[in-house]
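A short worksheet on the structure shown next.
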Amino acid sequence: MEEIVKHLTPLLKEITGYIYPNEIELHWGLLIVIYPYLTGLVAGAFILASLVKVFNVKEVQPTYRISLLTALAFLIVAPLPLLAHLGHPERSFEIFLTPNTSSAMAMFGFVYAWYLMAVLLLEIWFDYRRDIILWAEKESGWKKWMHKITSLFSSDISERALRFDRKAAKIITIIGIPSAFLLHGYVGFIFGSVKANPWWSSVLMPIVFLFSAIVSGIALVLLIYMIVTPLRKKNIDMACLNKMATFLFLAMIVDFSLEALDFVHRIYESEESIKILTQLVSGKLFSSLIVVQLLIGMLIPLGAIAAVKIFKWPDELKRLTYFLSAILVQVGIFSTRWNVVIGGQLFSKSFSGLTVYKTTFLGLEGLLVSLGLLLLPFIILYILFYVLPPWEEARAA
Amino acid sequence: MACNLNKKSMFVVFARFIIERPMNFNPESFWNKIPEQVKRLAILIVILFALFVVVRTVLVPSDFGEHGHFRASAVEEIASQEIRYAGQEICLDCHDDVVETRRVGFHRDVACEVCHGPAAGHIDDPEEVVLEAPRERGYCPLCHEYLPSRPTGFPQIVSASHNPIKPCISCHDPHDPVPPETPKECAACHATIARTKAISHHVYVDCTRCHEAPEEHRAHPREFRPTKPAAREFCGGCHAKDAPGEKGIPRVDLETHEARYVCWQCHYPHLPEAR
Amino acid sequence: MTDNRKLGENQERSSGRRKFIGGLFASFTSLLVPGFLRADNKSKDVKWIIAGGYSPNDHHWGMGIDISKCIGCGRCVEACKRENNVPLVPFFTRTWIERYRILENGEVLIDSPDAGMKSFKEESTEDNVVRSFFVPKICNQCENPPCVQVCPVGATFQTADGVVLIDSEYCIGCRYCIQACPYGARFLHPETRTAEKCTFCYHRIVKGLAPACVEACPTQARIFGEIKKKASPLVRFLRMNKINVLKPYLNTEPKVFYANLDMEVK
């Protein structure tokens, strides 16, 4: 109690205009910024994987398994920031037990479980099953047992069984695409359906979330591929990289157009909230929205990738451009999440004032935990790479 | 016709399928047709699902959903919260004299607990729990300190200049707060108007010059209202072209100047804009 | 009476329509969600009597607030906090008073220091105040509550008497309801870590008492009572005044009705 009063009292001085008394405490902080960022990466990485299976984009085949494992690693971590921000994490299971059917958030349990169990794990299992069985045969000790358990002790690698595996994986990917759309679209819906908040309330929100998810997911897999391949002392497949950059570019164009449409629409309709939102965008959100999200995270990488496509640059320079662009895209998408989640709470629902957000360093909702949650997927991914090597040469002969 | 036939043949095929199928159906061969890995997966899924259903039946509160999507006993829990403010009716049981005094005075609508604080404890144990009775000067101004935002007519004072130091109760009985003398100044209740007028050109125009307030207005302000000037000629007494008085007074031609209106329909007499 | 608030049959009709739409929605979701997953499949229309003989089915509560009577003394805020164990610090409150000062240049000054609990101080402004008044705020106990809609677990709900309540033993503290409330009426209790808001003093009204803020209002600026009965202080209030509600365009259908509400009140 004293702690929270100590945290909130200095904020009183930084309020401009009028906010409702209960609005001084900002309720969805850094953790809720991280949550849509992580699920976005999951959905984006999965969409990239589906390019191979469903749309037969042969060039990006080297990243297929990397994408799946990346999606899995981030999906495992995605609910953790949600859990950490709850007032009563120990009651979180209620969302599975008595989901309120009218609540977008209650659907979380089902969307998440469906996506994790019915899509991602199944697809990975069917894709890896043959390899796991063959690996287990050659291995000994705990690794053998681990692989045996992950294969559910199945042993049938007849052509008929493998044909079934391939078919199943393809069907699951086809189901997976709308599921990935659902996973991230519904995160957008959680925000987009709050009619009390004009910054969030927009039909475009789910689809903007979706495309920014695809952008961030492709960029992430591109980064991982570019880092891991030299570490394994292998050559980067330029055709694969170029293709990924093309898809990244296309997704960014769509994402940018949608966001621009949303922006123009708001200004043109100029509703009651326009005054306070103008204050917000030109003031407290200027650096994170206009500078970081729009300029650094969108326009510069768009221009850079366009330049690569137009001019005949040497591969070295192409790689460098892709790499830097992908990093900028990550920074940009993270600030997109920040601007939605935090930005939507910086103005009062009385539309008469602005408040501030100050994060703490320690504590469950602090900076340290957030950094940990951003690092954790990479640790899990490292373990997954070890347990289920996604490399072409690791495939059992 | 062709369509009809088609439907008919489809029906036949379907019926055959239904009827004949069980005859050919061999559970063993059906089971064998399922790929081995799917069987293992199916078993895992069934186990997980059964586990979920079991956990769910154990953990969902038994009264959940009885009257809607919530725990019915939550309402009972909320309804059983401890009461602090007892409500003014019960005070009458012991303090009938005070309640009667209050009931006819200006504070008739002010419940006992507004000043004395929550009384439920006092009702349970009148000896042990004694209620507060704010005697210091700070309490009454919560309602009666002058604030321009307060509705006009509500009695207000500026405590800094209103008999400073003396506690309010030395002159006013809070249960029947009749002022020791009926205020002569309108400003006692119409402080905002008085203050506005004080900085205006009408500073030397007394309230009574424009308003006639019946004597009863002081005791029953809402029942007996003061008057307002009804005719243009009233203001014209000073502001008409040919009116007597100082040269500096702004003057208009009553004949031509917005003849449709009484003056105060446009000009705010307590703060005329020609400052 | 304004268009958005025709009581009586109109409200009856609109609640019937909502029930119908709700029923459609429920039957649709019941197709998707198997029975054993749904919790609210038990008898719902049985008359409910809670301890003390009070039945939520027999009542429908609302509140009237007359802006022109509020003197901004803050007694309601203090009474509410003391009655309901709300922390006495400025950041958490179930009810509060806003002061509006509209200046000659059109600027609007709004404040609510300490939720108005310690009344207000006169502050001089550069410009002239054209009009000024106090506005008590409270949970609007919406007939169509966005907070209940978004609660993922069924920890906040509307009972048959129209009051929106929170089950603090069941709330997971996700704060979606706080985001969904257009009126800023909800907060997270710093000690229980669950969502909180005005309950119309449910523990009092089931025993026939008025809510603490109504009890403590010295000028009768707050009126509490039945909406649907023929004679109640609230029904008279709705008959005698021009009524408005806060943010009517959001279709939350508040049951806190304001008389003499100014256009600047948000």
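The letters A, B and C name the chains in turn, as written, and every chain counts its residues from 1.
To be clear about the criterion, contacts are C-beta pairs under 8 Å (C-beta built on N, C-alpha and C of every residue); 3 or more make two chains touch, one makes a residue touch a chain.
Quantities reported herein were computed from a predicted structural model and do not represent experimental measurements.
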Subunit A to subunit B, fewest steps along touching chains: 1
Core chain by centroid distance, with centroids computed from Cα atoms only: C
Between subunit B and subunit A, distance of the C-alpha-averaged centres to the nearest whole Å: 44
Centroid distance [mean C-alpha coordinates] between subunit C and subunit A, Å: 38
Distance between chain centroids, defined by C-alpha means - subunit B, subunit C (Å): 9
Multi-chain contact sites of subunit B, meaning residues that touch two or more partners: 56, 60, 64-65, 69
Subunit A, residues touching no fewer than two other chains: 97-98, 100-101
Per-residue multi-chain contacts in subunit C, two or more chains: 37-39, 154-155, 170
In the complex, subunit B residues that touch subunit A: 35-38, 40-41, 44, 48, 52, 56, 59-60, 64-65, 69
Complex contact set, residues of subunit C against subunit A: 25-26, 29, 33, 37-39, 87, 89-93, 96, 98, 108-112, 115, 137, 146, 148-155, 170-176, 178-188, 190-195, 250, 266
Of subunit A, residues touching subunit C in the complex: 1, 4-5, 8, 12, 17-25, 27-28, 82, 85-89, 91-92, 94-95, 97-106, 108, 190, 193-197, 345, 348-353
Residues of subunit C touching subunit B in the complex: 36-44, 46, 48, 50-52, 54, 56, 68-75, 79, 82-84, 99-101, 118-120, 122, 128-129, 132-134, 154-160, 165, 167, 169-170, 199, 202-204, 206-207, 209-210, 212, 215-220
Touching residues (chain side subunit B, partner subunit C) in the complex: 53, 56, 60-61, 64-72, 74-85, 87-88, 107, 109-111, 113-114, 117-118, 141-143, 145-151, 154, 271
